[in-house]
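Two complexes come next, and they have one chain in common, chain A, joined by chain B in the first and chain C in the second.
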Partner chain A sequence: MIRPRRADHALVAAYTGRVIVGVGLLMCIPLVTALLFAEWDVAVDFAVGILASSAIGLGLQTLFHTRHELRRRHGLVVVSVAWLVATAVGAIPFWLSGHMGSVIDASFDVMSGLTTTGLYLIQDLDHVSNGLNMWRHVLTFAGGLGIVVIALTFLFRGTVGAYQLYVGEGKDERLFPNVVHTARAIGSVSLTWLAVGTTVLAVIAFALGQPPARAVLHGLWLFMGGFSTGGFAPQSYNTFWYHSAAFEAACVAIFVAGSLNFALHWALWRGERAEIRRNIEVISFAVTFSVFFAVVSAGLAQSGIYPDAAVFFRKAFYLLASAHTTTGFGTIYSRTLVVQWGPVAMMGIIAAMVIGASTCSTAGGIKGFRVGVITKVFLEDIRRMVSPDSAIVTERFHHIRDYVLQEETVRSVLTITIAYLTMYALMTLIGVMNGYPMVEAAFEGVSAASNTGLSCGVLTPAMPASMRIAYTVAMWLGRVEFLSVFALVGWGIATVRGR
Partner chain B sequence: MYRSPMRHLPIALFTIMAVLALGDSSALCAAAPPLVSSTELVEEADYWDGREVTFEGEAIGDVMVRGSDAWLHLNDDAYAELPIPAGARPQGYNSGHAVFLPAAEARKVTVFGSYRARGDIVRVTGTFKAADPEHGGDMHIAATTLELLEPGFPIERTVPRWKLLLLASLVPVAGASYVAFRNRASALPR
Partner chain C sequence: MVERAAIGRPIAAIGIEVAAVAALASVAFLVELLVRWSLQ
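Take a look at the complex of A and B:
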């Protein structure tokens, strides 16, 4: 084990500083919002946040100025540290707002936003300022893109090491040979969706009876919450607020789009429409969605809550799609899941959250790609069993291009899948140990760890602090897909025990 | 000693009067639907489904008029008294209920709860629907009447002095960081 040198630590600190400056720049958006709506108190909160992040970010870059390129291990550690420091800095306006019960809660909400989870501990959300609501949604939108992707787009100039940062944030698709160009392409796709999606939602909200300014703000925020598969909403009622099938349909279109791999977006952007029916992730998602829809339907049929078929479909489809894309939008009260939907339907929703959506998207969970690959391995083994000994059995899959299933891919897929399943089990165990019923503990724990954000009422500001911290860590681990956090732990051990 | 049965007459009359009075008061109770909380409605949805209820809370956000009817959201949480922007301490999540009512009734609400205002406190009476097929299965109260109990009020919020001091103290720190960063960057060879 090689002990990191002083220069290595300096490199990590300097790059972390750049990301922190990026977080400070993002705070300019809620600052302007607060000024536009004459929310002076809130504007001061964001000015404090901007100055603090500038001081920390620029200070780190000054103290540890370097022109060295990042290597793989630096990149992963930078991402881990940057997410932690960004969480701390991003929590400043939350804490100053007076809406948070503790610093733990403020950090929880920022981590939830950045990781596009959507669980929240903010209190009296229905009286929150426009500035703070803007920050909540900017966080989740930026987190969906990846704060490092944003930093890559605006603050880095084509460095080789930038790819390490990009990979460390759970993204591994390269749309272009240059990773900064890839980051900019992701930005372009997302901003185009932002313009279209916000317009559609705002027009519907206006037609539903909201005043123009609120319709525009709600349209923008719900787009950010949906496309990032974050699930934040400006009211405590979430998307139940709107009571509209049209609004729900628009939300589904947006969060499903957000849950697709950016490489798939890019392929469709270039007119390669056949990709949508050939891609392993899309096929995997379609199959698992159908299976879980049957489970949820069985549960709801058992409870008899929705005798009308159209209503039955609308409620079940919306919540399951929201869960499977790890969005977390809902049109029912949290406790309705427990009180009326029942354990079978909840198990269907839990299973959808466990898997999640696509790799290199804004979604969380194990991901459809890994489920697809595991299924292929299973099929390959069956084919091998029934084939002659001399036969060479190979399995192929399509993901932007055709691949032959390699052992290296399988190993990496299984490692991450086992890590996710272990984390889900641990989160459930923590819930049960704190006295919550098994299904409810599993629902909430998986929701946090898969970055979904649906709640059945377990998460409250009164929940034990240990659980709130455990959920925060789970959201972080789930979002960066373990690798960066493991690298940070390894870095720490090497610093202490390495030679 | 002979005791006339009529001696029990006053007691019997009193008992009859009391029973009648009780019956009358229960009739009155039946006329006024019970006051329920949002938690009761969600936790005991099956019990309350289809029953007449009374619900009180702060009107939040906005009213969404749909033709001759409207959607309104009433919060019956701790912040209905005093919201956090008005100085309350955090006391848990918001909780409330969706109400579907005639638009004419909904228009009685003039102040809606937000960062800038504590909304009107109102009382609605109507039928609780646990999963109304007419409204996509949404849980709500189909209210027929709305009564204004307490008008809302604007929230005046000034910037606390300590926040201004914090801001003022951070300006030179951030400025110094920026100057040092620029000097360091220009000093190093490219």
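Take a look at the complex of A and C:
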């Protein structure tokens, strides 16, 4: 184990500084919003946040100025440290707003936003200022794209080692050979969807009776919360508040789009239309969605809560799509899950959250790609069993191009899948140990660890601090797919015990 | 670095993605009807 030298620590500090400057720049958006709506106290909160992030970011870059390029182990550690520091500075306006019960709660909400989870501990959400609401939704949109992807787009022109940062955030698709161009392509797709999605939602909100400015704000915020598969909304009733089938249909289209792999979006942009029906992730999602929908339908049919088929479908499809894409938007009260939907329907929702959606998207969970590959491994083994000994059996799958299933891919898929399953089990155990019923503990724990954000009512500011901290760490681990955090732990051990 | 050929297609891509969601909803509705009918 090689002990990192001072130059290595300096490299990590300098690049972390750049990302933190980026977080400070993002805070200018809620600052302008607060000024536009004459929310002067809120503007001061954001001015303090911008000053703090600028001081930390520029200070780190000045103190640890370096011309060295990033290597893989640096990149992963930079991502881990940057997410932690970004959470700390991002929490400043939350804490100053007076809406948070503690610093732990403020950090929880920022981590929930950045990791596109959508659980929240903010109090009196229905009376939060426009500035702070803008910050909540900018956080989740930026987190969905990846704060490092944004930094790559604007702050890392031509940096060869930038790929290591990109990988560290759980994204490994290269839409172009150059990772900075890849980041800009992701930005292009997202901004196009932002323009279309915000317009559609704003028009519906306006038609529902909201004043124009409020309709635009709600359209923008709901788009950001949906496309990022984050699930934040500007009111405590979430999307239930609108009572509109048109609004719900638009939200489903937006959050399913957000859960698709950016490489798939880009293939469609290039005119490769067949990709939508051939891609292993799309097929995996369609199959698991149909299976879990049958489970949820069976649970709801048993409970008899929705006698009308159309209402039944509207509630079940929306919530399952929200869970499977790890969004967290809802059109039912949290406790309805426990007291009316019942354990069978809840298990269907939990299973959807466990798997999640696509790799290299804004979604969380194990991911459809890994489920697809594991299925292929099973099929390969079955074919081997029924084939002659001399036969060479291979499995193929399609993801942008055709692949032959390789041992290396299977190993990587199984490692991450086992890590996720272990984390889900641990989160459930923590909930049960704190006195919550098994199904509720599993629902809430999986929701946090898969970055979904649906709640069955376990998460409240009164929940034990140890659980709030455990949920915060789980959201972080789930979002960066473990590797960056493991790299940070390894970095720490090597610093202490390395040679 | 956005390819020129790609710039004219984003709206068509969005249309395909929305159509895919509609197809998924259609399948889900059939699943619901099947489950409700079989549990009656």
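Following the convention adopted for this analysis, the second predicted complex is superposed on the first by the 499 of 499 C-alpha atoms of A that agree within 3 Å, B and C clash if a C-alpha of one lies under 4 Å from a C-alpha of the other, contacts with A are read in each partner's own complex, and residues count from 1 in each chain.
Here, contacts are C-beta pairs under 8 Å (C-beta built on N, C-alpha and C of every residue); 3 or more make two chains touch, one makes a residue touch a chain.
As the structure is a computational prediction, the values presented were derived from the model and not from experiment.
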Identify the partner contact of A:L96: answer first if only chain B is touched, second if only chain C is, both if each is, neither if none is. first
For A:H243, using the defined touch cut-off, is the partner it touches chain B, chain C, both, or neither? Pick first, second, both or neither. first
Considering only touches as defined above, state whether A:V196 meets chain B (first), chain C (second), both or neither. second
For A:A286, is the partner it touches chain B (first), chain C (second), both, or none of the two (neither)? second
Just checking: does A:A301 make contact with chain B only, chain C only, both, or neither of them? Give me first, second, both or neither. second
When the two structures are overlaid on chain A, which partner does A:N130 contact: first (chain B), second (chain C), both, or neither? first
Does chain A have more residues touched by chain B or by chain C? B
Regarding the shared-chain residue A:M27, is it in contact with chain B (first), chain C (second), both, or neither? neither
Which partner chains sit in contact with A:I430 here, chain B, chain C, both or neither? Use first/second/both/neither. neither
Common ground on chain A, meaning residues reached by chain C in one complex and by chain B in the other: 312
Partner chain B, residues of chain A touching it in the complex: 39-41, 44-45, 47-48, 51-52, 54-55, 58-59, 61-62, 65, 67, 96, 98-101, 123-130, 208-211, 214, 235-237, 240-243, 245, 248, 305-308, 310-312, 314-315, 331-333, 335-336, 339-340, 460-462
So in the complex, which bits of chain C are touching chain A? 1-3, 5-6, 9-14, 16-18, 20-21, 24-25, 27-29, 31-36, 39
Which stretch or stretches of chain B touch chain A in the complex? 42-43, 45-46, 60-66, 70-71, 73, 75, 77, 79, 83-85, 88, 90-96, 98, 100, 113-115, 130-131, 133, 135-140, 157-160, 163-164, 166-167, 170-171, 173-174, 177-178, 180-181, 184-185, 188
How about chain A: which of its residues touch chain C in the complex? 176, 178, 181, 184-185, 188-189, 192-193, 196, 252-253, 256-257, 260, 265-266, 268-271, 273, 276, 282, 286, 289-290, 293-294, 297-298, 301-302, 309, 312-313, 316-317, 320-321
